[in-house]
Every structure is written in structure tokens, then in C-alpha cells.
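Before anything else, here is the set of structures, which you'll find just below.
Paired with chain B in one complex and with chain C in the other, chain A is shared by the two complexes that follow.
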Partner chain A sequence: MAVQTQKLPYGIGRISGGWLLALLVALVFTVFGGYAYAQQLIYGEVVTGMRDIGTMAGAPWGLYIAFVVYFEGVSFAGIAVAALIRLLDLDHLKPIARMAQVMTVIALILGGLGVIADVGKPGRAFINLLKYARPGSPFFGTLTIAILGFLFGALVYLYLDGRRDAALLAKVPGKFQGFYRWWAAGYQDTPEARERHERASFWLALAIIPLLVVAHSTLGFVFGLQVGRPGWFGTLQAPGFLAMAGVSGLGHLIVLAAILRKVYGLEEQIDIAVFRWLSNLLLIFTAVYVYFMVVEWLTSVYSANTAEAQLLNALLRGEYAWIFWLSVVSLLIPLVLLIGQFATGKYRIGWLVFSGVLVNVAAIGKRFLVVVPSQTHGSLMPYVIGSYSPTWVEIGVVLGLMGLGALLFMLFAKVFPIMEVEEV
Partner chain B sequence: MRKTLSLSMVVLGFALQAISYFALAAPLGTPTSPAYADPRLPFAPLLFIVGVALVFLAAVVYELMPDKNAK
Partner chain C sequence: MARYGMVIDLDKCTGCRACMVACKVENNTPQGHFWMYVFRFEEGEYPNTRTWFMPRPCMHCDNAPCVKVCPVGARYKRLDGLTATDFDRCIGCRYCEVACPYGVNYFNWKKPEGNYYLDWDDPDLAEIVGDEKVVYANPDLDKAYGPEKRRIAGGGQAKGVMEKCTFCVHRLEKGLQPACAAICPTQAIKFGDLDDPESEVSQLLREKPHFRLLEEAGTSPRVFYIGQHAPNPSVRQIEEITVKV
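Up next, the complex of A and B:
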């Protein structure tokens, strides 16, 4: 979409009734989340369902950590797709690069806020982590690489990638002109400036790919390195986290691209070729994750370890069975649909959006199952079997985070183009 | 100048990460004593993050800093 003389592209600055309504809904969720978190701050974590393992027969990591892992996963695909577009010169995917970058930044912010919600004294926890964290601990990696380093890298990538558009938009008089000038920071759309950006973004993309592999593997190590915790300890946690991150993030991106395509009438720019590429990539990640999942079950089924068997029983037939089977079905249905579309070569956006939603249901379920059952049912100590149910406070905070994510995305889309702007 | 500065930031960033990780944070090893639990320099993890940020900021410097011969 070319920049017109007075009109900014992609509905920037133009407020419609539908947008206001969506914003209001997101705002209600966000305020509700803020209220729920205020209850936790006032009365302490006793208002949550989280309790100690063993003597209190509970789980100190619950819904918050499950969603921290989920948000981190969503962030993976966004920046991975954006970096791959740059590294492999996938020009036809450029229309979704910006929205993928924004999705990554917002998901990382939500992940960071999820960590803050989880710890009882967030200020003290963060200071102590920055002061005392041990390099051997995966928490060191989670904070330094997965959240702070990755977020900083994603912000730099988004900022530099948006400079050219900011410079173009700064030519249009309006209320955001000052903001665009600041973002453009003196950018002149000359061949030299373009070449310089190409070079810088290439090296940035090259640096981000290994960083995100390390970041998501580290998150897997938080669980996978815990020797005394059946269900967690294993070599597949790190690659499994990476694969599931790809599944949830790509699912999100498909849904997001379809919504923006519809809202902004971008049928030409975000054409079926874009969805075909995303669909095939989602197919690969889903197939890899399903393979990891089956390998993990088989290993648990064949192991003579009582604690592993107890945990597996809770998943297959016990109190977590409904989440487990819901997650499995929510993975297998999209897998069949994606294979079908790949085999026939006929891609339908509606089915892809359905698959994108379902894999995210599966991702949330699987994240919950990774985090919680190993604490309530996976102890090697002679403790009684525990239980965990999130309270309205935890559910409220998580809904608030989702509302905040939607709110941030909608606000960004109203002040900056969600797709690269064409020539003036 | 622009290239030199941004390259220096990359080198400095990676050096800061390596030094803070291996030499300033708690020593790698089984934490059987406080010597393996406490950092040798408080806020060594923060220095590691500064190192990561420095590497990425090099890209911003590379793009934003004007050329010597630019008007």
C-alpha cells in the first residue's frame, strides 16, 4: 500500500466502531487481570491455588508458569519467521514479517509479566536473580537469554526494520509525525542506507536464530535437568520445547495473518502462497512434536520406574486425563488437516485458522501438563499425591495478560504500519 | 569509524558475556559450599545481560551513525 499525501496506510490513526469494541473487550480483560493481581499483592499468594510440594501436597508452579512457557513459545515463531524471511530472501512472505516481529515482542513482554505474577515478591526476586544467579542454573539462562536478551534483540530488530517506513510516514503531516521522525532517526531512503540496513539486518537475523534456539532450549532445561522429578528429567525436554514453540507460534501467526487480511482487506498482499508456506512449516513442527510426544510416552510406559508409571497413570486415566486427551486430539486433528492440504495441494484459510486455534489449545494444555503433574504426582520422596487447581485470581491474571497482549497489538497497529509500506 | 565502533561493541559485548559468565559469576561446579553458590562479583548476571545488549546495540550504532563523509 503506497503512502498517500494525507492518509496513512493500513488504517493508522483511523478509529472504527469494530476496533473500539475490540479495544474495550481487551481493556476489560486487562483491568480484570490487574484487579486479580492486586488481590494477590494485597493478600499474598495464598489467594492462588499454588502450594508447596510434599507437606502441602500441592504445586508451587501452576497456571502462571504454564503460560510463561506458552508465551515464550509463541515468541519463537514470530522472530524465527522474520529472521528466515531475511536470511533466505523469502520476499513473498514479507507482508507477515512485521506482524511476526510485533507478536514476538508482545509475547516476550507477557512472558516476563507472567514470571512477575508467579513470584511472591517480584521486585526482590528480580534483583536477587540479577545479583546472585548461578550460570549453571537454567534460571540464569531463562532470565538472561530467554527473556531479557531475546526481548532486547527482538526490539532492536523491530526498530531497525521499521525505520524506512517511519521515514516514509514522517513525510505525511499528522499527529504521529514527531513519533515517526524519532523512529526514523534521520533515515534517508538512499541506496547506501538500504544496503547498510540489509547488511545489519542480515547479521542480526543470523545472530537471532542461534539465540532463540538457545533461549527455548534453556527453558526446556529448567524442567529437563531436574533429576528428582519424574516426567521432567529427560533429554527430549529442550528439543520438545523448541518444537512446541514452533507449533504454537506458527498457529498464532496464521490466525493473526488471517484476521489482519480480513480487517484491512489485504487479500492481494497476504495471498494463499503465504498461508501455504505457513501451513507446511506448521505441519513439519507438529509432526516433529507428535513424534517427540509418542517417544516420551513409550519410554515412560516401558520404564519400570514406579514414579514414572504413577505420573503416566495420572495423565492417561487420572485427574489430568481430560486435559491430556484434549491436547492430543487438538494436535492430531490439525495434523490430519495439514497433511490433507499438503497432499491435495488445496489450501483453505478457514481450515488453517481452525488448525492454528486448535494447536494453541493443545499448546496450552501441554504446557500445563508439563508444569503441573510432575509436581503433584512425580515425587521420588514418600509424599502423598498432591493436587492443584488454579483459583479465579490466577485465571484472572492470565486472562488479563491475554487482554493486554491484544490491547498492545491493536494500539501498535493504530500508530505504525503492520506491514511494510511501499514506495511513496 | 562507524564500522570500528560497532565491531568493538560486538567484541566487547561477547567479552563481557564470557568474563561475567566464567570469571565473575559463581564458579561452575557442584554447589556443595558457598564458594560455588555466591557470585565472585555481585550483579555478575546483570553484566552478562549488558554484554548481550551491547552486541545487539552494535547493529543500531552501525545503522544510525552517520558516515564520516556524509553531509
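Up next, the complex of A and C:
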């Protein structure tokens, strides 16, 4: 394996104008988010649109929690796909394994930061959540399993999976050589090492799948176990969250793969077979989620108690109707498109990207609808019907998180190959 | 040990809301926070309507949803039946608030300073207080209470933490009644030891039919109501108050 060129693969270390521009845009969003969050730190959460349930007729959980759930959901599919590729030996899908892992790690970081943005005492939260942890709270599961444990697992997986690439890149002289040597940590690309490595990542992938189910179920339990909130309390929350996580994450991955394919000219590596597999997996998850949605919907339309009926009314034709119907349409159109592609056997990347974007619109909408209406319209006590609309601070922080995510991804892509390298 | 509870006689309540005022003054709660709130209801169709009133403190549930979900144990049950909030430990995640079916939690959305029960910009008030905008700080509100020695009394303690009705724990520990019960001009609010069969509250509950709010939620509240009936969907609030901070 001789060193043929001094250039590292996939544009590592080479900064193009387009990349700089994209980085600048992401940076502007991130800085704006930081400014918005600074306002919140200084003046308190009075600068958000959130208020107390009851006499203040507000919602104490708003956009932040909706996006924490959304980011957590996106993280799900990345590592799930990477693990499935390993477990089922889907060799032709290997090109997307790395980007899926990175997407997972970044989405988890954003989810964790979203929690910090939400709490009233962020500094204290770091200490007390660990020092006084109570496993009885669904937040415990969310934090330990869904965010921290999962982030750890995803990082280990990313690290192990990247060692071979790092070892190869370390042979090329350059400014990142030391970094690659550290990452490779003595890995030699011998058959024994490769075999040992394969075995380790197989067991890790096997362990990650059940962890995924548990993690996203605990996230559903945050809402599903609350008897006092109509619309939340229910058995379907945990599996529903799992299905929606798959939908949004796969949609994200499709869009990401299509962008990278275009940018790096990877038409050969990321071929239509990759997209066909992603498309069919997305079809399964979308169909399952739509099924859950219809079951839930039918149950409450047929026999809702007073509080549930009031909530349902707000969703179907009240204050939240536009978000509800936008989400439903954004799920059904991709579902039809995916079924059509599956039936005809003709897969178009353009339609897939369109579907991927739409299901994410639906995911954000549905997450918002899970979190907010039950607080404003789901009171069991005779309070005034509430309302919630996010302020610029909340929108700014969420945009900042998205900007930060894009920023991290772009930076990663410049120091490490975003796809497994064959040879250097 | 006494295990406290409250019995509110809705047939005696006149809806004067003295309890709401007493609570605010006693606990220094910030603007817009009503640890005690009095619903004013109307029901029936004209001309056969009637009004009635229902005070709503924290229910101090025995199976409190807020205690179950608190990730750091800041919201906890005391042996004397109180559901307390340790504002030194609270991280402000507001999970207790969304879990509570009764809507009794209040979050300090901003720094609770100069933001109390008086409108400090009112010109009439300015004549009296001049530049002084400092409210009277009751030293009892900052002390630690109970064998667990945690600071759980009073409102407006810090930005970004949750607060709610404490059953006036700082008064209880001195042998006094909670402010709302002490001030009620018609003695509609009774407070005492539910474990003592001879206490006034226990006797009332033996003698009269009573109900608890949202009994079906399984929260086992320690606040009982006698007279009237539990609010149902045919009950309307007379005034639709939404307060702002």
C-alpha cells in the first residue's frame, strides 16, 4: 500500500470557497443562537414564550423540548443504520456508515444542549442531575441512556470504525498526521487486527440495537407516563417515538447522503442501491408511524373523554390545525412516493430527497404537537384555555443549534474522511 | 407525627379571595404567582344560574406526580404529608409542572426582585414608599425546615426555579395555621392533623360528604372539599383571568 499522492481523500484539509461560504452561514446561525441564549441567561426565561400552566394559561415546555425530542430522534437512525450495516453485512452500504455515525453523534450533542437551553438553572443541572439522580424519573432514562450512554456508545463506535482509516491516513505526511496516529492508536492493518476489529464492532453493533429501543422508549415515557395530561398518557407513546425517530433520522440521512454525493462527486460509491435500501427502510418506518397515528387518532375520535375531546378539537380544527394537517400531508406524500418507487422499482434520488425533507417537516410538526397542545388545551382543571407561541429567542436558539450541527459536520469532514477509504 | 391535611368548605366560601392575598403577603410570591387561587364559577342556564367558589391550593398529593418525575429529588414528600420544593436543589426543568394535573406550580421566569404583590410604579404607592422598592423580607422564609433541614419555605427565592404552595411550612413549624386558613373570614378553610381522629378536619370528614379534585387520577390529594361538587364540564369560570409576568 504505497503512498501514491500527498493529497488526502475526500477533500480533507483543502478549503474551498463553497465550503467557506457554507461554514460562514452556519457560523452566523450559531453566533445568533449564542446571542439569543445570552439574553435568556441574563433576563431569565421570561424572554421565551413559555409560561405556567393554570392561571398564566401557558405552556412551560415549548420549542426547546420539541427540538430535544426531534434531535434525539434524528440520532436514532444514524447509529441504527451503521449497526445494521455491520450486523447484516450490507457491504454495498458501507459508504454511508461513517456519515450516519457522525450524524448520530452531532444530533445527540444538539439534543443535550437543547436540554441545557431549556432548564432554568443550567449550571446547577450539570451537577445535580448526576449528584441527586433519581432513576424513578423518566428524565433519568432520557439523560443517562438516551443522551449520555448513547453518545458514549456512538463515539466508541465511530472511533473503532475509524481506526483503520486513521492508520492509513497516518502514513501520509501532513498537519493532521499526529491526530491520525492518535486515533489509530497502534492499529496495524494486518489480517489479525482486522479480524479482531470486525469482531469488536459486531458485538458493539449488536449491543447498540436494544439500547436504541430502550433509549427511545424512555423518551416516549417522559410523556406517556403522565396521567395528568390528556394526549400524553398512553401506551403508544414509547413505540410511536421509536417509529418517528426512525422516520426523521432516515429522512435526514438520505438528504445528507445526497448532498455529500453531489459535493464530492461520489456517484459511484453511493449508488442507487444505497438509496434503494434507505428508501425501503424509510418506507417501513413511515408506514408503521402512520399506522400508529391512525390508531391513536381513531381511538380518540371515536371515544374521547371531555379533556381529550377538547384537545382533539384544537388539533383537528383549532389553533394547531395547520401544524397538524401540514404534518399529516408531509407524511402521506412521502409515503405515496416511497410506495410508488417500491412498486415500480424505479428509485429517483430527487424524489427521495424531497421525501426526506418532508418527513422531517412532519417530524418537527408532530414533535411540537406532542409537547405543546397537551399543556395549553389539555387541562383537567377548569382553567382558561392556554396558548403558546415561541419568541425570537427560542427560535434563535433552535436555529443556533442547527447551525452548530452543520458547523460540526463540516469541520469533521475537513479533518477526517466522511467515507471509509479504500486506499490512500 | 402529625400528618397534615386541609378541608375546604365550599358552602362557606364567599369567593372574597382574602386567602389569595394572605398567601402572597405571607410567602412573598412574585407577581402573577398564585399559590392559592380561588375559582369563581357559574353554572346552569339563564335565569337558573348560580355562582360558587373554589379555593385551589397545592393538593399536597400522597401519590404526587410531581414528586415521581423530579429528576433530582428537589420536589419531595415530607413525613408530615407536605409536598415540598427544595429551591436550592431545583434545576428548573419544569417537569413537575407539566406532570401536575392541578396547575399549581409557578416557575420564576425572571429574577423575582421588586416584582411582588404591589405595583411599584403606581404613583399613589410612590408617595408612600418613595424610592424604597424593597419588600419586607420575612427571615423565616430563608430557614431550613424539618429533620431533613432543607430550605423549602417562601416564594421569589431565585430566578429559574420552581415554587408552589408550601402549606406555610414556616408557620406550621411554629404551631401556626397556614396563612390562608388563618385569614379566612368565614372559616371555610380548615387545616389540621388528618391522622388524629379528634382533630377538627378529621371530624368534618367523618360528618360530611366530601370529595377530592381529580380523584380518578390516583394522586391521593391531602386537600378535601365539602359542600358543592367537583367542577365538571358544565361549570364555567366567571372571569377568565390570565396573568402576565
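Brief remarks follow.
Just so it is clear, the second predicted complex is superposed on the first by the 418 of 424 C-alpha atoms of A that agree within 3 Å, B and C clash if a C-alpha of one lies under 4 Å from a C-alpha of the other, contacts with A are read in each partner's own complex, and residues count from 1 in each chain.
FYI, a residue touches a chain if its C-beta (ideal position, glycine included) is under 8 Å from a C-beta of that chain, and two chains touch if they have at least 3 such contacts.
Predicted model only: the values in this text are computed from it and were never measured.
In the superposition on chain A, A:His252 makes contact with neither chain B nor chain C. In the superposition on chain A, A:Tyr132 contacts both chain B and chain C. By the touch criterion defined above, A:Gly153 lies against chain B but remains apart from chain C after alignment on the C-alpha atoms of chain A. Of the two partner chains placed by the overlay, only chain C lies in contact with A:Met56; chain B stays clear of it.
By the document's definition of touching, of the two partners only chain C reaches A:Met381; chain B does not. Taking chain A as the reference chain, the count of touched residues is higher for C when chain B and chain C are set side by side.
Of the two partner chains placed by the overlay, neither chain B nor chain C lies in contact with A:His216.
When the shared chain is aligned, chain B and chain C each come close enough to touch A:Phe140.
Of the two partner chains placed around the shared chain by superposition, chain C is the only one that A:Arg124 touches, whereas chain B remains out of contact.
Overlap of the chain B and chain C interfaces on chain A: residues 129, 131-134, 136, 140, 143. Listing the residues of chain C that touch chain A in their complex gives 32, 34, 37, 39, 41, 56, 65, 68-74, 89-95, 97-111, 158-162, 213-214, 217-219, 231, 233, 235-237, 240-245.
In the complex of the two chains, the chain A residues touching chain B come out as 129-136, 140, 143-145, 148-149, 152-153, 156, 159-160, 163, 185-186, 192, 196-197, 199-201, 203-204, 207. Taken together, the chain B residues at the contact with chain A in this complex read 21-22, 25-26, 28-29, 31, 36-39, 42-43, 45-46, 48-49, 52-53, 55-57, 59-60, 62-64, 66-67.
Looking at the complex, you find that chain A touches chain C at residues 43-46, 48, 50-57, 60-61, 115, 118-121, 124-125, 128-129, 131-134, 136-140, 143, 222, 225-229, 306, 375, 379-384, 386.
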